[in-house]
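Each chain gets a letter, A, B, C and D, in the order it is written, and its residues are counted from 1.
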Amino acid sequence: MSNRTTTGFTVRVQAENFDVLAETEILTKGHKDVGAVVTFTGLCRDEGGTLEALELEHYPGMAEAQISKFARQAVERWPLTGLTIIHRFGKIPPGDNIVLVIATSSHRRAAFEASDFLMDFLKTQAPFWKKEHLREASEGTWVKTRAIDDADAARWHDEKSNNINIP
Amino acid sequence: MSNRTTTGFTVRVQAENFDVLAETEILTKGHKDVGAVVTFTGLCRDEGGTLEALELEHYPGMAEAQISKFARQAVERWPLTGLTIIHRFGKIPPGDNIVLVIATSSHRRAAFEASDFLMDFLKTQAPFWKKEHLREASEGTWVKTRAIDDADAARWHDEKSNNINIP
Amino acid sequence: MRIRYFAWLRERTGTSGETIELPETVKTAGELMCWLAARDEGYAFAFEQPETIRIAVNQEHVEEDHILSGTEEVAFFPPMTGG
Amino acid sequence: MRIRYFAWLRERTGTSGETIELPETVKTAGELMCWLAARDEGYAFAFEQPETIRIAVNQEHVEEDHILSGTEEVAFFPPMTGG
């Protein structure tokens, strides 16, 4: 649609924790066209002390492919200078990182909107499933989807572009 | 209006650089109700290599007061668990930090919206003025306001609340 | 054809994946769910509400009426809760 | 009354601040701008487009018609460009 050169992006799906500072510096050090850095970090809440751990199951291969699809849509839709998305899987205790989105751009609106957009789609369209293990229960419980997350994702359809495909 | 206890916040106006990681950890370490951390970092762009430095003038006292006013509006409007705003002044070379907003919350939407809101108001309502010193020019030039920044700030009037006062 | 199950579909079927020979009568992803549900109690439980189940074919989301011919991998899973 | 100037208002007036005795005839912030503009060329240049100038009284934004009585500090500055 546009003949602007689109920016590359980094997508990783991993069991290990990530380092927000190190990931940010990769996108900013020596990149003096960057005026705005938005980072979103999703953490495991302890649910008022009741949660033992979250267990994150994912579909290897499809997870990376889906996240990369949204990342591609984001760099096509917004004039970003850099984009990194990392999503963890496995058992995650309260207080630990789950997901990271870093978007950089010359001006702030692009970085805010792109990271907001990506989180909405990671919540509802990337093949990850959360199971809550509570301190007081022997069996884990699969986390239910929230209607608000679908509503959030739907916001990005109404305006500007048609290049987002939700099945 | 609501009887929810509002969260405190930290506002600093300083010449020195800030440490995004250290500031983030203050809001997250030991706070296991935090599910979402949004950080916005505004950096000095080099404007295609033409910029020597930005000079940021501010109105001491009023700068802190205005930022605190917006911070108070943000913690009243969104269910945040923490909020830190730091704005630098003085001479800032390309690649250096200018401004930091960190908003934490249980769910992501509050953290995204609050940080987005605060940046819009910092851009247009906090008493700071930027002067560009170019490599090739002996005289600095005051940065002009951008109509888009006023439009961005106006977004927050249309919905939800009337507790934002722009003169 | 390779079939994969995730989250509570994996738990209810008792397997994370299997390879099946697709019967001639099963054309679509929806028909495959019906056919699987008829296998035993665990599969019946897994597929008791097919409208809540998401389907991916060759790692792309598809609908129930998706034609399976030429498919290498079908996955069944609940609505996603990542992020 | 303390007056403060920022950015190009500071440069054009040649001062970052001064203390003045408010004349009886000057009631509002707008009238104060007129009165200051009449002082000399630098002030005239600083206040040549009063509609572009922002005003703060005791560190709160006010409009041109703001009554100055009881004011300790008035500040004049261009539209802000922080963030």
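Here is the rule we use: a residue touches a chain if its C-beta (ideal position, glycine included) is under 8 Å from a C-beta of that chain, and two chains touch if they have at least 3 such contacts.
All of these numbers come straight from a predicted model, not from anything done at the bench.
Both subunit A and subunit D are touched by B.
Remark: subunit A and subunit B have CA centroids separated by 23 Å (rounded to whole angstrom). Taking each chain's centre as the average of its CA atoms, subunit B and subunit C sit 48 Å apart. If you average the CA atoms of subunit C and of subunit D, the two centres end up 72 Å from each other. In whole angstrom, the spacing between the mean C-alpha positions of subunit B and subunit D is 26. Under the contact definition stated at the top, the residues of subunit A that touch 2 or more other chains are 42, 108, 119.
Residue positions of subunit D touching 2 or more other chains: 83. Of all possible chain pairs, those that touch are A-B, A-C, B-D.
Listing the residues of subunit B that touch subunit A in their complex gives 20-21, 24, 28, 30, 32-46, 48-49, 94-95, 106, 108-109, 111-112, 115-116, 119, 148, 152. Listed in rising order, the residues of subunit D touching subunit B in the complex are 4, 6-8, 10, 54, 56, 59-63, 75, 77-83. On the subunit A side of its complex with subunit C, the touching residues are 42, 56-59, 61-63, 65, 87, 98-99, 119, 122-131, 142-145, 149, 166-167.
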